[in-house]
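Chain IDs A, B, C, D and E follow the sequence of writing; residue 1 opens each chain.
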Amino acid sequence: MSYTLDFSAVIERLPELLLAALATIGLALAGMSLATVIGVLGVVARRSRFKLLRGLVIGFVEVIRNTPFLVQIFFIFFALPQLGVRLNPTVTAIIALALNGGAYAIEIIRGGVDAIPKGQIEAGLALGLHRGQIFRHVILKPALRTVYPSLTSQFVMLTLTTSVCTSIAAYELTSVAQKIEADTFRSFEVYFSITLLYLVISSLMMGVFALISRISFNYPVK
Amino acid sequence: QAGTVAEAKAKGTVVIGIQGDNAPWGFVNSSGVQDGLDADIGKAFADYLGVKAQFVPLAVANRIPALMTGKVDVLFATMGMTAERAKTIQYSKPYAGNVLSVYGPKDKKIGGYDDLKGVAVGVPKSSAMDTAISAGAKSANILRFDDDAANIQALLSGQVEVVGGNQFYGDRLNTAAPDKYEPKFDLTTLYNGAGTRPGEKDWNETINAFLDKIKADGELAKIYDKWMKREVPKFPEQLPDIPFTAQ
Amino acid sequence: MASIGPNELFFLAQGLKWTLALTLIGFVGGGIFGLIVALARTAESAALRRVTTGYIAVFQGTPLLMQLFVVYYGVALIGLNIDAWLAVAIAFTLHASAFLGEIWRGGIQAVPKGQTEAAKALGLHYVSTMKDVVLPQAFKISLPATIGFLVQLIKGTSLAAIVGFVELSRAGQIVSNQTFRPLTVFAIVGLAYFLICWPLSLWGARTERRLQTATR
Amino acid sequence: MPQSTAAEVPLIALDGVGKWYGAYHALKNISLRVRKGEKIVLCGPSGSGKSTLIRCINHLEDIQEGKITVEGTTLTDSGHAIDAVRREVGMVFQSFNLFPHKTIMENCTLAPMRVKGLSKPESEEIARKYLARVRILDQADKYPAQLSGGQQQRAAIARALCMEPKAMLFDEPTSALDPEMVKEVLDTMIGLARDGMTMICVTHEMGFARQVADRVVFMASGEVIEEGPPETFFQAPRHERTRAFLGEILAHH
Amino acid sequence: MPQSTAAEVPLIALDGVGKWYGAYHALKNISLRVRKGEKIVLCGPSGSGKSTLIRCINHLEDIQEGKITVEGTTLTDSGHAIDAVRREVGMVFQSFNLFPHKTIMENCTLAPMRVKGLSKPESEEIARKYLARVRILDQADKYPAQLSGGQQQRAAIARALCMEPKAMLFDEPTSALDPEMVKEVLDTMIGLARDGMTMICVTHEMGFARQVADRVVFMASGEVIEEGPPETFFQAPRHERTRAFLGEILAHH
């Protein structure tokens, strides 16, 4: 079998791919930011006094973590309209990514919060701070710092998960790649190229994460 | 694995790639057996060669790689013939035609490409409907779904206003939502050809000869009637920039 | 148009069988190589550490879908024709070993340094230090994360469809294209995944809690 | 701080306090009165309930029996009473428990700003005062991890003082410190004691007890076994249990 | 164990040892000779290099300058020399470092089986002997977490003894213990010393030093400042640095 790789078709449409890569980064960033918010709020809810709220959060986390992302995004896109909620593919993708990443973030951040030495909380209480103040000023930052590596590697996975959004016709790297593949039948060239692009994107993300960590967690620890 | 026609004959099997999930063209049925128009034509081709057919169900994303890396000898994989694709693979003469139309709700006025401006149009990813509408209605908001099922579901749930579909969409839409949808206008008739690796004259010539035979002796008509419930369309003698024979 | 009957459910169950088989392959292969990756990643040789760091970056930094594709078709492209099973086994092994290697590295590094030092001071060699002292503790520490990854892997096997495996998701897609009821089909598929993954997750959470109370 | 004038009204009063952890009876019928300006040293074997006792005083643990009153406020489960008591009582822990992500200054200003609602400049003013008093004002902009153990513990003392409490509770404030750092922290505490601060201090530093304690309270198995001024306590312990304990503690020095 | 007869040949000898952590000079030109049966107490302020010194002796750290010889074997980077030395020298850590997933018995038999290649019954025989000697034979089947700190440290001592080393290194063996448990561990060590074991012991327990040390070695900033028999060391320290340190250590007791 002699197949000669010919990247000319890919190169010709490189601008399209790069634009789509930007869209992928955009989806990932939006998803992550919301996921972080969901993660923090979810942890607050899980620590709340209200049993129902705690139960809801636990249920949400379990359902999301134990079903494939594809099924989740399908439901948001195809089933919600039956309840009158119609979201366009990009919004759907962001929401699905946020919910998926959020469920993982809740579990991860909760681990960090649980790992905060009890003495820290007691010191806060002894100073007269209230539960909310303690969470906000004493627990949150050190907890995020402890779990930062797990959180960011989860977010890199979330970035790669954006490729599944192609199945609800969202605009991102994989869908554009598939379109180019369908037009030209240059499958190898297209897939090799986007594999490389994904690698670049995830490396970029890691770089940015490292930078963020250096800026926000600049306090020394023993 | 795959090789030349002579090797396939010597081995007694021809390896045929078909689509795994594109009824009624090519699909794997509930018993896990490949079925559909492409499967029947594949079987006829194996009979023609006097060998057994070994089917490999493929997805849209991997049919070309499977052919190019020799994992299959030929593709009867619902491949619409376009000039750009013909730069990569070798098409045979066409063996099926597909009337593609735009479907939409009865109460929506859509007369042609011009009416698609700014309209959300669903199409199956990598399909000829995609190609046609992309070319014809540049300012349409085209959403590309993984397959026909998702595309139809998108129309039913209102995520798109109209869809580009093949001749089977009418029935399906009618079953799901009686009297609500209708074909709006025809896009094009797209012809499907078998695919082989470029430069491999033996396969291309053998398939063309086989297609000439089943077109002539009515076997194609029988298969066509079974799956498409239609008459075999009249095939063009040539298509611009799509050579039917290997050089 | 077909409806979703026993035939379709049976077809989905067939897919489920492949899902489990693929998971097993990935987990066993990934487990063996992941151990090597974890040991290399914590080795004293800086070169070895760098190589494994790169390895992990590549396989954690690209979608599994692309890895499967590149292994299966990319290898064929350079003239090696390998069986689909072997390709999938290789791809899942590479993928899982990167993740498991990283998880277990964390476990190894979480074992207090004093443990290794005590082992060294007793004269134990590398193999015995690892086998008798560090790894048993590291595995215990990493068990929850390992189970978490196993759940991810189960869900990730759906991508093996690209090399022709009709596992649960692909089976769902096929049934959905025959019955044109994607929502119902995917609800069933989602439920099936949930029923496999959930007990695992619960088990993971339980061991995690047990570990936490044990170390307190 | 001026010495109290109404010394007969106790600042902190425990009456028949009983505390259970599940089925375990950790504190048994404890009664203790601490007058304004008084310094109490609490000692006893490990597990005797010393920490539990002082943690009950500012409601880090709740009690099942008896009554705890601080400056006239009886400690109930009501958030209001707890807040009032915690504002009057500062606490210093064995492991410092400084907030690692905040500078020493931020550690000191957090509670004044959030609990008392003071402005940032006001809080920093107060913080500077107390940081100077424990002699680490020059470390104000460092993070806890950048300080030695002794400095960290002094910072923790300053942080508690910034709430200007009426009494201070210490739970083995020097036992996590390297031997050389013990002295600087004890000196700080001696200084506080001299200034008239009311203190309850769990410690095994018997030199400190001799030097500053008004009373030494000895606990074992959740009970107060014996109490008295340090001279009599060390020279003539009445109970066998106390003698055995003192023997252990003082043996290897 | 009988007292050494050829006391003039050192069991452990350090000659001009220099050690750097990156740019930090942790040990400066250290020379030290330890005869068979000799007991050395190493003391000095935090960070003076005491731990580093004894960790170098069994090559938990490597040195950049000078020479360490143990029973005639010069410690190089060769695996062979390291193995030989580690077989002769046992080490006990501040934080015990027992293997938490193995019972006390398994902790004790692991090295004899893996390093010396003894059979399980042989190793258990030895383990029982030394567990009995540190008086925790009855705890042999428990896991470390089920023992008190003092028992854990005695188990760690037994574990090291099971390799029947010629010398033992102790790095602050009692400083992680509750006050009441210190004595039982010190007693065990005193017993070992009486039996003639060669020991180098980092500790701040000056009572122990007085009682058993042949020589006290005082370190500061990576250097040996002063050494001598305990009587002269404690009564008449020659250096200002030593006097200051002893003042600190003994002040609050």
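We take it that a residue touches a chain if its C-beta (ideal position, glycine included) is under 8 Å from a C-beta of that chain, and two chains touch if they have at least 3 such contacts.
Remember, it's a predicted structure, so these values are computed and weren't measured experimentally.
From chain B, count the fewest steps through touching chains until chain D is reached.
2
Work out which chains are contact partners of both chain A and chain D.
Per touch definition, common to chain A and chain D: zero chains.
Using the stated contact rule, I'd like to know whether A-B or C-E comes out ahead in C-beta pair count.
Answer by contact count: A-B.
Indicate the whole-number Å distance between the mean C-alpha point of chain A and the mean C-alpha point of chain C.
Distance between chain centres, rounded to whole Å: 19 Å.
Between chain B and chain C, what's the gap in Å when you average each chain's C-alpha atoms?
36
Round to the nearest whole Å and give the separation of the Cα centres of chain C and chain D.
The separation of the two C-alpha centroids amounts to 52 Å.
Would you mind listing the residues of chain D that make contact with two or more other chains?
Chain D, residues with two or more chain partners: not present.
Could you check chain C for residues that touch two or more other chains and list them?
Each of 69, 73, 76-77, 182-183 in chain C touches at least two other chains.
At which residue positions does chain A touch at least two other chains?
1, 3, 78-79, 187-188
Kindly provide every pair of chains that touch.
Final set of chain pairs in contact is A-B, A-C, A-D, B-C, C-E, D-E.
Within their complex, state which residues of chain A touch chain B.
Within the complex, chain A contacts chain B at residues 1, 3, 9, 77-79, 81-82, 86, 88-89, 166-169, 175, 178-179, 181-188.
Name, in rising order, each residue of chain E that touches chain C in their complex.
Per the stated touch rule, the residues are 55, 58, 60, 83, 86-87, 89-91, 93, 95, 97-102, 110-111, 114-115, 145, 156, 159-160, 163.
Given the complex with chain D, which residues does chain E contribute to the contact?
45-46, 178-180, 182-183, 186, 204-208, 245, 248-249, 251-253
Touching chain D in the complex: which residues of chain A?
Contacts found on chain A: 117, 119-120, 122-123, 125-129, 133, 137-138, 141-142, 145, 217, 219-222.
Which stretch or stretches of chain C touch chain B in the complex?
1-2, 7-8, 10-11, 14, 69, 72-73, 76-77, 81, 161-164, 166, 170, 173-178, 180, 182-183
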